[in-house]
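Dropping a structure here in structure tokens format, bear with me for questions.
The chains carry the letters A, B and C, assigned in the order they are written, with residues numbered from 1 in each.
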Amino acid sequence: MRRWLNRQRSLADVALASLGRRRTRTMALLVVYALVVSVVAAVMLYAQAVRREAGRVLAQSPAVIVQRLQAGRFALVPDTYAEALRAIRGVQSVEGRLWGYYYDPVLKVAVTVMVAPEGSAHVVQDGHARVGPAVARAKGLSAGGQLLLITTARDVLRLTVDELLPDESAVLTADLILISAADFRALFDHPAGFYTDIALSVANPAEHRRVAEKVTTRMPDTRAIVRDDIARTYAATFSWREGLVLVAFIGVLAAFALFAFDRASGLSADETREIAVLKAVGWDAGDVMAMKAWEGALVSAVAFAAGYLAAYLFVFYVPAGPFDGALRGWTVVRPRIRLTPDTDAFQVATLFVLSVVPYTAAILVPVWRAAVAEPDVVMRG
Amino acid sequence: MNAIELVGIRKAFNRGLATEVWALDGIDVTIPAGQVAVFSGPSGSGKTTLLSIIGGMARPTEGRVRLDGQDVSSYSERFLTVLRRMRFGFVFQDLHLIRGLSALENVMIPAYPLGNDWHPLRDRALSLLSRLDVVHRAATRVEFLSGGEQQRVAIARALVNDPPVLLADEPTANLDSALTTQFLGILESLSGDGRTILMSSHDPAVTSSAVIQRRIAMHDGRIVEDR
Amino acid sequence: MLLQPPVLALLLMSALEVAIALAVIPFAVSIVRHWDLGDASERQVRLERRTRLVSTLVAFAMGLQILTLPVLVFTADRLAAQLSGAMCAVGTLNANAYGFAALSAQMVAFFAAVAWLALDAMDVSVPTYPLTRIKYVAALVLAPLLALAAGLPVAFFAMLEPSVITSCCARVFASDAPSVSGALAAWPAGPAMIAFYVSLAAAVMFSLHVATGRRGRASAALAGGAGLVAFASVIAGVVSFLAPAVYDDVLHHCPFCFLKAEYHHQGYLIYVPLFVATANSTWLLCASLAARVPALEDVLPRSQRRWAAVAAAGFMLVALISSIMLARSHVTFQ
């Protein structure tokens, strides 16, 4: 054991010295390597954070949402349905919701207009509104400002902005305008006694699906959406997008592996001579390979740490990175969110497999070839 | 008995090609332990090739090499290496010190794969350097040493694993006469330890030196004189 | 299902393993046919050099398998969120026939690679290379196994249908499930615990016996065999009583959940020493087979002692840690 440790220590020493002697070469390799790691890491960190964010949003959304379909299209839900839903066993509370999309002719984009549920902290008085950060930014609004909306009847609805919605749950609130129920009905010419849809809360998570089934059997003209299904779709979509972006980087990874292979096989004359000298003075091919393995490990460790750190800072501390669009979709009123730093060991392991493993595989054969070279060239000038 | 026996050694390069050469063409020689011998002969007579074969750095095309009566000709590379690092110390004609490393590190490097403790190893390397009078340069990178100093570092490196046999190819080719004399002095002292020393040289200062106990003259891959 | 980073990582490792298997086969064939140490020809020298590459490749493949096992389990765990009915890795792995097959094949391939490396180490420890032919015949068996172990995860992910409703650990390892895993879970904790501790004790004792003196083939074989038995009974014990004890829930038999952060990664405390010890047992078993070869008589006993010592220590650690887990648990088994 002690011998083994001594040997490893000495080999690592030689490896370090050898890297130090070829400083430019090493630096070039390190930079490229770290860059590759950081690109892959950024995609993964970003996707994971967005996934987590979406999960948080979903956690706040209702367990089951009931929509009404008429001739295969969405229709408003009469408030009588709410009573019928309340009668279903397992349903804890029923809440009729009012919401819709408002096309803003100036921004040329649709924003979400919603009435905050009764009893929530965000209930707004008639003539007032609260807006999400992205909307506020796009329209240049601040608390106390005037928000003008055009109703379906072509009237102007003048609202005073109470306050801006907080930034932290930005995915949810970015493009949101909260108004009162009366203003909502005026804006969209929404008939009284009808809701957009109905949200159910169900105490026992295991019963979500059963409740949804009961709803559709009792009211055949409705559709019940279970939160878990949405969560599953979300998770799948985000992971799929993440995978897609990574596949786009497979070319980069392959190029990197090729680069590493080339670096490892194109030894300089100096290096070839050094290996021959080492073998001539009594190093075995196995010793040379172990020393080269140390070189690879040292380079990998530094590049991996640097690349990961760079990606971490980039994703969590530089707003709106370039992956934004690809991973979350495009919109003008894009939520500017500061993602919550979030990593785990499994993610690091995956990243390791996607970067260090290809590097190692790429240098394996060149290292072997260098290590078994004839030592007797040192006897000839 | 620490003897080296060569039986019917032949060595071809580029075998089967038009450029085929037989660098060695039937060498039979036995070198008893502790002897100081020199192979001499014109350029291309096969001295370097012979030393590589003795030291296990190249394999003979035909013939057998025996060390202490043990036939090592068909040893695998792995075990030839083990043998080499236990039995032989090499001083190459071009020295081949590793640039960028200090004299001390160069001396220690052959011992690294053995995994010995570092401090005793460093002490041994330092004591070798001081015996060879270059200990004051131990921390200097080898490319900043003079030719004579470099050679002494190379000798120290050859001795760090305490091999019974020292092989030196044209050790004085790059030395002036003062340094050659100094080198012969070192040889004398090493021979005094009971080490076998095999050299190739066509430097008369070496071949006529009193340190040399045996002179083997070669020509075209054969031994032409042995006394 | 294929387009997810951890799955891509697994696919990459699979591809490399297949590449290694393919590279090893032709070379093994040429070694079996042409290897002749007495021959100093260029070909023999070339062959010898290539053996260094093969050893490195197999070692690399073994490393990939070590990495594949946890990545596979955790990928399955993560994918559970996207499959109906799956709550953790077990549910995902159970979604089609290839999941658990892939996991077991990876494990078998891992130990096979470990055994091969043992052969390799013994072979090159003496100048006559007495095992080279056997070793490369073995490589011809190992390579397809590697390829199979690499292919199964690919098949698993390719066939993974998000719409298929799978059953999760609560059901797979439920005591009334008609399957091996169900049977393991149904195994009453009492006998399972007895088998667990008895097999561990046997493995430790036999290994210690080998570790403390110059012993013959039979002792090494016994120690190695006892180690493999202990491996099986520890896995069974984890499902039967250790996992429920860690979760403090007699109905939760999942052997993976306790690898997760929620349970402070306690699973590694069992699995890492278990795998290390079993790898050493595998070596002992190989050594007992190789001990016939006279050339190895001098070198084997030393390595054998070391392997036995590591195996004994590993199994002792498993016994100790699982005892602590049991002692800290609030679950009572009938």
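Keep this in mind: contacts are C-beta pairs under 8 Å (C-beta built on N, C-alpha and C of every residue); 3 or more make two chains touch, one makes a residue touch a chain.
The model shown is predicted, which means the values in this text are computed figures rather than measured ones.
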Contact graph of the chains (line, ring, star, complete, other): complete
B-C compared against A-B, more contacting pairs: A-B
Whole-Å separation of chain centres (CA-atom averages), chain A against chain C: 34
Where chain B and chain C are represented by their mean Cα positions, the distance between them in whole Å: 49
Centroid distance [mean C-alpha coordinates] between chain B and chain A, Å: 64
Of all residues in chain C, the ones touching two or more other chains: 49
For chain A, residues contacting two or more additional chains: 285-286, 372
Chain B: positions in contact with at least two other chains: 77-78
Chain B - residues contacting chain C, complex: 59-61, 73-79
Touch list for chain A against partner chain C, complex: 43-44, 47, 231-232, 235-236, 239-240, 242-244, 246-247, 285-286, 289, 344-346, 349-350, 352-354, 357-358, 360-361, 364-365, 368, 371-372
In the complex, chain C residues that touch chain B: 37-40, 45, 48-49, 124, 127, 129
Residue numbers on chain A that touch chain B, as the complex places them: 2-7, 9-11, 13-14, 17, 20-21, 270, 273-274, 277-287, 372, 374-376, 378-381
Residue numbers on chain B that touch chain A, as the complex places them: 48, 51-52, 57-58, 77-78, 81-82, 84-85, 90, 92-94, 96, 98-101, 105, 109-110, 112-118, 157-158, 161, 169
